[in-house]
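Here chain A shows up in two complexes: once beside chain B, once beside chain C.
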Partner chain A sequence: MAEPAGLLPGDPRARLAMALILAFGFAAVGQVGTVPALLALALILALVAGQPARLLRGLRGPLVLAAAFVLILPLVSGATVLWQAGPLRLRAEGLEAGLLIAGRLLAIVTVTLTLLATLPAHRLAAALRGLGSPALLADLLLLTLRYLDEVRGEILRARLARRLRGGGAGWRDLPGHGAMLALALIRSQRRAENIWAAMRLRGHAAGLAVPPPPLGASDRAGIAVAAGLAGLLLLMDRVA
Partner chain B sequence: MRALLQTVGLAVAWPGQPPVLSGLDLALGPGERVGLVGPNGSGKSTLLLSLAGVLPAAAGAVHLGGAPVRAGVFNPAVGLVFQHAEDQLFCPTLADDVAFGPRNLGLAGAALEARVAEALTVCGLSELGERPVHRLSGGEKRRACIAGVLAMRPRLMLLDEPSAALDLRSRRRLIRLLAGLDQTLMVASHDLDLILELCPRVILIDAGRIRADGPAREILGDAALMAAHGQEVPPALARSRVAGWPRERAIAGGAA
Partner chain C sequence: MHLPDGLLPVGMAAAGYAGSAALLGLSLNRIARLPDPGAAMPRAAMLTAVFFAVSSIAVPVPPTTVHPMLVGLMGVLLGWFAVPAILVGLFLQAVLFGHGGLTTLGLNGLILASPALIAWVVWRALAPRAPTVAAVIAGSGAAALALALFVTLVLLGLPADVDGAAERAALGVFVFAHLPLVLAEGILVAVVLRVLARVEPGLLPDG
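Up next, the complex of A and B:
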């Protein structure tokens, strides 16, 4: 499958390894001072990959969550009051924690989306298996992703069907939505099971496929760069 | 003629439920094309799933080419085309999806590409290889499923309601495609005209048992038998009787 890989390695295994290394590295950052470097790194990676529209779409949810951390934590946690207006008190420790959590969250999501969002689920699962994780785990991931996909589709279809027949929208018709959701979950599960059967019928996990070739030079370089960057970041974090 | 597919005392059940079908003895010769008919819920799909090794036999056994079909064990000699194309297509592009099976058979590189191209061509999809599967039409999706199975070169192909939800032209195209295959076919369908065109032999199941097994025209044309199992004689056969045409003519006309 041709995709605009840009400067990133094309092998799904390499991408997965890079994403894991960077995500764990980012998660280990403990100082607010490192957050700008964290975000800069994620941003550069996203620019190198060059799919801003897709990235922005994927970041909508995490952005809201990150904003919530930054807005709420300073109000509720910490002792050092930075600023006060009536009952509102902004505290330094809360602000710091909020920025740290939000920064790590956004950086991790950005890197994961950049490296993995263009990979279809079955490639991702194959990559997991290629990296030596147990086949069961990889298949579980595959089925989960597929299941979520089906659930989304089912919910969209059901919502449309409800609307077309005059079903209410919004909170007032919560029971109706609940029933719809339950039905969507059941339907999706059946479909995911069928897909699983269809895949196995066509030899999925039968162990006959030619093993993937060893990682190429650019793939290995990508992993090395990711490891180097994560290491550098953690070093900065310790020194700061 | 040595049977390609043989079942002995086969019973099929969904987990934790009484058997949907039981005591099935049937044999298919190589290259035979058999239509599987019966009312809704009679167990056509269930039988196909069991013959393909998705559902384990509750009793009895299925043999393919002399070897037992074991549930859950990959057997490239039998291919199943699911009723709903969405259950079967899961790769991003058509060519990817068709390559899935052969790749699992150990094909790679040029051999894999040739196998994919061949299957796409047979199914009239050679122009659409790079198309995302969700952007195929209903008829194309159906043929894509068949291509994905054909690419594994199975000896036996099982098709579940292949003409369901197809328009006239797509249906005609599907019939032409299936009529041109060398594989042994078992086609479960409510589309009796399709079965009449495609399958010289018909198996009628109802209420857990095989109720008739024989030449398609005799079974599908037997008004009493068909009515007893909630079916109607297809128009092509009914007309040939009323008008007193030779049946052969009516059928040859339908197949042209």
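Up next, the complex of A and C:
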């Protein structure tokens, strides 16, 4: 069983299903008046999960992007001028579109990070497999995570060796960067082949994995609540 | 260069999932026909790890930042495996870092996987006669095509009443900021393939 985070379901399949239902439900919202409800729901979910610091770190990039939408779209989109200062005109339609896009973005990323970023990687692969995705995808995901440290290590070693030989930095020495990448690939490939051969010898194959147990009551309840909330939001959005 | 969540209408996001699923189904079908489909797994996973790590690095190209895509390299070195590899890389970026998006995973997959496959086809056709030119065209062409697909989808998704002049200016800045990347991707693919051909030809497709 997976470790539950706060009051969230522990089964990774339930978390993935909830994330997809809520993300697509949020993405379908079309009225800016529904955005506060979206954000409140995402915030409540994040508080229930109980890892606000980690979430805030993950939200730094999306926050910058959301701010860009809110700042730029009112200046370039729409006809109804709300405020003017010289050539700058703040328009109502652009402001509405910017707030809607930014709200949907932040709510979806919050839900995604809350439900999925807290899962260990192998549980993510298990969730994909459990929800019927091809075995090759689950294998590829597991192996990618397994090799990530190897590849990072090789790239760092190749970069250090290149600097010690007097290699330049930045875009000016692109061929040098290419050669470094190629050598890191060659070294990583040798390790990767060995790891994969050992895994196959030990009988690893996602396609032959033991069938996952059925979802528990709390997992099914989590999915039902997510579907209900997404439906309620869309209803609010349509009647607004 | 990933489409974020929330920008595009949900219908486009759903269509992106359908398109990516079709492309994935086709590629898995072709992979299953290989004599030993599992043999290429280490290379595919390793390049997925490289794609994941490298595309998380933002390179400042004033007035914005861009990151390497390596879709041409993925296509040339992985062939049909490039499609699942790119989708897995995008999925990890979305769920672990919120980079890209969960709802736009399908569209982002199409933006990057289709150019990767085209790069592979172009490279196979041209490499026997002019390997360096083929590599540069595959790398730069794939990056340029991905850029064009991205811009097209953003234009389709933005509000209809965006000021035309402002839109052109914003797209001009965006494309200009990515031009060095387009050129760099071609050079990178050419250098990587040349080094592989000399040091480890077994890593080259059909090598």
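Everything that follows uses one rule, which is that the second predicted complex is superposed on the first by the 165 of 240 C-alpha atoms of A that agree within 3 Å, B and C clash if a C-alpha of one lies under 4 Å from a C-alpha of the other, contacts with A are read in each partner's own complex, and residues count from 1 in each chain.
Here is the rule we use: contacts are C-beta pairs under 8 Å (C-beta built on N, C-alpha and C of every residue); 3 or more make two chains touch, one makes a residue touch a chain.
As the structure is a prediction and not an experimental result, all values here were calculated from the model.
Let me test your reading of the model: by the given contact rule, A:183 touches which partner, first (chain B), second (chain C), both or neither?
Second partner only.
Contacts for A:24 in the overlay, against chain B (first) and chain C (second): which applies, first, second, both or neither?
second
Of the two partner chains, chain B (first) and chain C (second), which one does A:101 touch, if any: first, second, both, or neither?
second
Looking at A:120, would you say it contacts chain B, chain C, both, or neither? Reply first, second, both or neither.
In the superposed model, A:120 contacts chain B only, not chain C.
Would you sort A:43 into first (chain B), second (chain C), both or neither based on which partner it touches?
Once the two structures are laid over each other on A, A:43 reaches no partner at all.
Comparing chain B against chain C, which has contacts with more of the residues in chain A?
The partner with more contacted residues on chain A is C.
Tell me which partner A:236 touches in the superposition: chain B (first), chain C (second), both or neither.
The answer is neither, since A:236 touches no partner chain.
Given the touch rule stated above, what does A:146 touch, chain B (first), chain C (second), both, or neither?
Both partners, chain B and chain C.
Output the chain A positions appearing in both contact lists, the one against chain B and the one against chain C.
146, 195, 200
Touching residues of chain A toward chain C in the complex: what are they?
19-20, 23-24, 26-28, 58-59, 61-62, 65, 69, 72-73, 75-79, 93-94, 97, 100-109, 112-113, 116-117, 124, 134, 136-137, 139-141, 143-148, 150-152, 155, 171, 174-175, 177-179, 181-183, 185-186, 188-189, 192-193, 195-196, 200
Please give the residue numbers of chain C that touch chain A in the complex, ascending.
4-7, 10, 13-14, 24, 28, 31, 37-38, 41-50, 52-53, 59, 84-85, 87-89, 91-92, 94-99, 101-103, 158-159, 161-163, 166-167, 170, 180, 184, 187-192, 195-196, 199-200, 203
Note which residues of chain B are touching chain A in the complex, please.
49, 52-54, 72, 74, 76, 79-80, 82, 84, 86-88, 90-93, 96, 100-101, 103-108, 148-149, 152
Show me the residue ranges of chain A that touch chain B in the complex, using the header's touch definition.
Of all residues in chain A, those touching chain B are 1, 120-122, 146, 191, 194-195, 197-204, 206, 208-210.
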